[in-house]
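So that you can tell them apart, the chains are marked A, B and C in the order they are listed, and the count of residues begins at 1 in each.
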Amino acid sequence: MTLLQRLSRPWIWAWLAAALAFAATLGLTSGRGAGELAYAALSFGAFAAIVGMGQMLVITLGPGNVDLSIPATMTLAATLALKVMSTDPGTALLGLGVALAVGLGTGLANFALIFLLRLPPIIATLAASLIYQSLAIWSNRGLRIKPPPGLADFATGRFLGLPNVAWVGLALALIVWVVLERSVWGRWLLAAGQNLRAARLAGMPVEAVRAAAYVTVAVFAALAGYLLASFSGGAALNMGQEYLLMSIAVVVIGGTSIAGGNSNVPGVWGAALFMFLVVSMLNSYGAGAGVRNVLTGTIIIAIVIAASTRRPGA
Amino acid sequence: MTQNANAPVVTLTEAAKHFGAVRALDGVDLSVAPGDCVGLVGHNGAGKSTLVNLINGSFAPSSGQVAFPGGAAGVRSVFQELSLCPNLTVAENLRISHPGLKGPGWRRPARAEICAALDAVFPGHGIAADAEVDTLSIAERQMVEIAIGFAPRGGQARLVILDEPTSALDAGIADQLLAHVKRFCAQGGAVIFISHMLGEIFEVATRIVVLKDGRIVAERPAAGFTRQGLVDAMGHVATEEAAREAESRPPPGAVVIAAEGIEARRGEIVGLSGLAGHGQAAALARLYLSQSSDWRAGRAPRAVFVAGDRPRDGVLPLWSILRNITASILPRDARRGMVDRDRERTVAEEWKRRIGIRTDDLSNPILSLSGGNQQKVLFARALASDAPVVVMDDPMRGVDVGTKQDVYAMIRAEAAAGRTFLWYSTETEEVCQCDRVFVFRNHAISAELAGDQITEERILQASFEMQEAS
Amino acid sequence: MSFLARHRIVLPVVSLAVLLALTFWMQPRAMSYFGLNLLFNLAVPIALATIAQMMIIMVNDIDLSVGAFVSLVACVTATFLNDAPLLGLLILAALILSYAAMGAVIHALALPAIVVTLGMSFVWGGLALFILPTPGGAAPGWLRTLMTVKPPVMPMAVVAAILIAAVTHLLVIRSGIGTVLRGVGGNSRSVARAGWNVTALKALAYGLAGLFGVLAGMALVGLTTSADANIALRYTLLSIAGVILGGGEFTGGKVSPTGAVIGALTLTLAASFLSFMRLSPDWQIGAQGAILILVLTARLVFARRGGAA
């Protein structure tokens, strides 16, 4: 494969941008703190990458498919898991089970609304997320329950120099990549996203594929919520807030096609790192939150426009 | 206006339109003068729609000229597919194509104008100007479109092109339209009237133009044609050879599928024919969908589908040729849910050879292939499976002659081996290859032909309404 | 076709009436000039934001940046418009124009509106933070007076709601250009074939959305007297819900301005009603989601019946 072909792979750009932001930040400190910065990027990037990969599967289904209930699912899964564990040692797996069950439930509920009520996914996941949010508020009651110490140690700990949460994110990325690239189910998902009607007429079970994608995104969000709450010492009602825009942004920046049918797992990770690094770069250059947001928005739109002009026939 | 009242509204001189190598219209001379009602007939793909699109300005001619001696204003088209805004009312739809309606109180004149137009064409229509279009029946929508075509809209209609205007109308309403067309032409308007109802053509047309393969093959005053003569002018003699081959096949076996009024036996090639858009494709799609599931895909599907509308129904555009070929056989060749990539490539290479897909590398994108080769990929996708029934939705569109012969041979061989084919085709020559043919007209089966009965003439007769429009 | 399917406005009106009746029954004191004012006080900016969202949904797109945009306008209103009115007006006009430009770009380059507006929400939010890093500012006096004026017979909020519904009804439903804009949502090919420039029409629809977004932000500051960069973020969801509650549909240009205003009033009232019901505040957001799903289910049932009849 030539260098040019490599450069034309969309995920390369997310990684180049991340590397650039990394270098620019270090330029200010003349190289000091590189390890710490990379470690922080991997820690925080892991959460964005996990929810981003879920969102990617849904966006791959084609235009109009998106899950807006990610923040609510994260919060609900985290609060219920912490409540069940109630800081007791040895309950980490029980909590994980609860969180994943919550994800399964919200995913199935979302798809039931989409499939049975024929609601556009945007409005279905939006309406449902309000209910999940209420459930989270009700179950949490403003308490801040700490995660069991062992779990908190795991979430903030490291293995072979990398944060444990990054290992989880990387393992999931590997699984998602294998499923998309090698499995029958991945083929079906990619085909359904390119042309739902053609996929159906080729004999593919497109509704089952759609259901599985919506359940997967919810389970990933639940897992991210569980880990984030353990990482930050408790669940907060607004803990998922920034991950709605983040999940869509990392998918788009990572080179996944918004038109569907084309996933990009490495790009999601690159974009997740980039989103963290660009914020820390702007911070270290003294830019305020306003400038940061304006630049983030501009980058997203520029990438969408660049992707659309590269599209054949557009 | 000061110019000569008899100057033609539109004159086409050697007008041609090519889409790539396809000559949709191949040098046409036609002139339509005020008072003319030109009946335009021709079989599928004869170039009727292309001619209409040249006149209404949707396409520019590839060569030759389209001239409007009195200007293009007042040239209107009523399209076959419904082109109203369904969320707007009848009067509001007039507003879309009548920018002259302005200012407060534009609704009153809009209502008056559309009511007058509807009253003029369809007396006693019963359509309210304030009814939203999506509350109307298909026939009522068609009536509104026709009325908007004839409405003054700030000027005057001089040439109205009606493309199958009566397809959704019942006989009484259709008669009203025909009467109006005659009145309109008597008052100096011009009409181009396209219909599969030959009775209607004979009733309104002053002149009949027959298109075949992008050329005008006959143009005479209506009185110069007989019905049979018209059918003969449209068609061409079926190849004797193909007909004989159809007879020489062994008798088919047990019934394997019966749905939508269509019955097919094991090893049989069943054709669906009739003019395009008379419900064949929809019936086939329903039939296929009833044989497969939205939720499960087994290792041995009951049926496979070969799409003819490749971009809409068949091609997965982001994928390689390889992945497009194996799309329907993934579960069969998978191991524990994982695609067996070696086996996938073996199968694809074998079909590339057998069906002759012209490419160096199956990893190339599907869109790098020509249309005909893309179609071969879709055939390979279907034939590579073990499904006993193959459903084909006009699969030869844009396929060159050589490929067609290869595919015909392959279909015959597969049928002899026991597969059943359901084959919708817009080309009569292909339908003549079938063991049995169902002819569709107006979304219903109008004739079932078998063996010797399958001739181009019989199919054309069943496709066109031969009786007088009563 | 059933009566309800034909008259899309019936369901929103009935929902509002039922909710209002229940509220009065539980809290008879609300049935007064002062009570109504309290109930519907915050409805005016929400109704305006809902109309803004409706303009976008009318042309088959969706705007995820309404909340951030209204927040930005609120910040501009509480700072520039108060301190240097002319500059403030210029900024607001530029914001409306940039909305129109966004619509033109989305159509001309065939971009997904959901992602572009999502990106723009970062931009608007960032600009708002830039202008007003911490909550503050002050409402221009005239705006404050306008929003707190006490007209005879009916409270300001009700008068304003009726006025907004009437004006937008004239603009979107009655006027010729509004009809063409709805036509873009219904069948843009047919509109293009009749000789219209669809890119310009989309720009117009987005520009109108920008205009009503600006009005929403100004009204909000007139009520709250100060602004902050996150003041109206929830308006994005509220405005989508309001359009849908009001009988609008996501595609096909089927929108109802009167319905959208009623939808916004219903959402505002639902919050008050739920607190009257002594429903724990935990459930208030969820109840809004449940109401939304309920209304959509009801509509689906009626549509099915209508289709079968």
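One rule holds for everything that comes next: a residue touches a chain if its C-beta (ideal position, glycine included) is under 8 Å from a C-beta of that chain, and two chains touch if they have at least 3 such contacts.
Predicted model only: the values in this text are computed from it and were never measured.
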Quiz item: Greatest Cα-centroid separation from subunit A: which chain?
Solution: B
Quiz item: Once you count every C-beta pair in contact for both, which comes out on top, A-B or B-C?
Solution: A-B
Practice problem: Between subunit A and subunit C, tell me the centre distance in angstrom, where each centre is the average of that chain's C-alpha atoms. | Solution: 30
Quiz item: Between subunit A and subunit B, what is the separation of their C-alpha centroids in Å?
Solution: 46
Exercise. Can you check how far apart subunit B and subunit C are, centre to centre, with Cα atoms defining each centre and the answer in Å?
Key: 44
Quiz item: Of all residues in subunit C, which are in touch with two or more distinct other chains?
Solution: none
Quiz prompt | Touching residues (chain side subunit C, partner subunit B) in the complex | solution = 1, 6, 174, 176, 179-180, 182-183, 185-187, 189-191, 193-196, 252-254
Quiz item: Where on subunit A is subunit C touching in the complex?
Solution: 63, 66, 113, 117-120, 122-123, 126-135, 137-138, 141, 245, 248-249, 252, 258-259, 288-301, 304-305, 308-309, 314
Exercise. Provide the residue numbers of subunit A that touch subunit B in the complex, in ascending order.
Key: 182-185, 187-188, 190-191, 194-195, 197-208, 257, 261-262, 312
Quiz item: Which residues of subunit B touch subunit A in their complex?
Solution: 285, 288-289, 292-297, 301, 304-305, 307, 312-319, 323, 327-328, 330-331, 334, 337-339, 341, 367, 381, 385
Quiz item: How about subunit B: which of its residues touch subunit C in the complex?
Solution: 58, 83-88, 92-93, 95-97, 99, 101-103, 106-107, 135
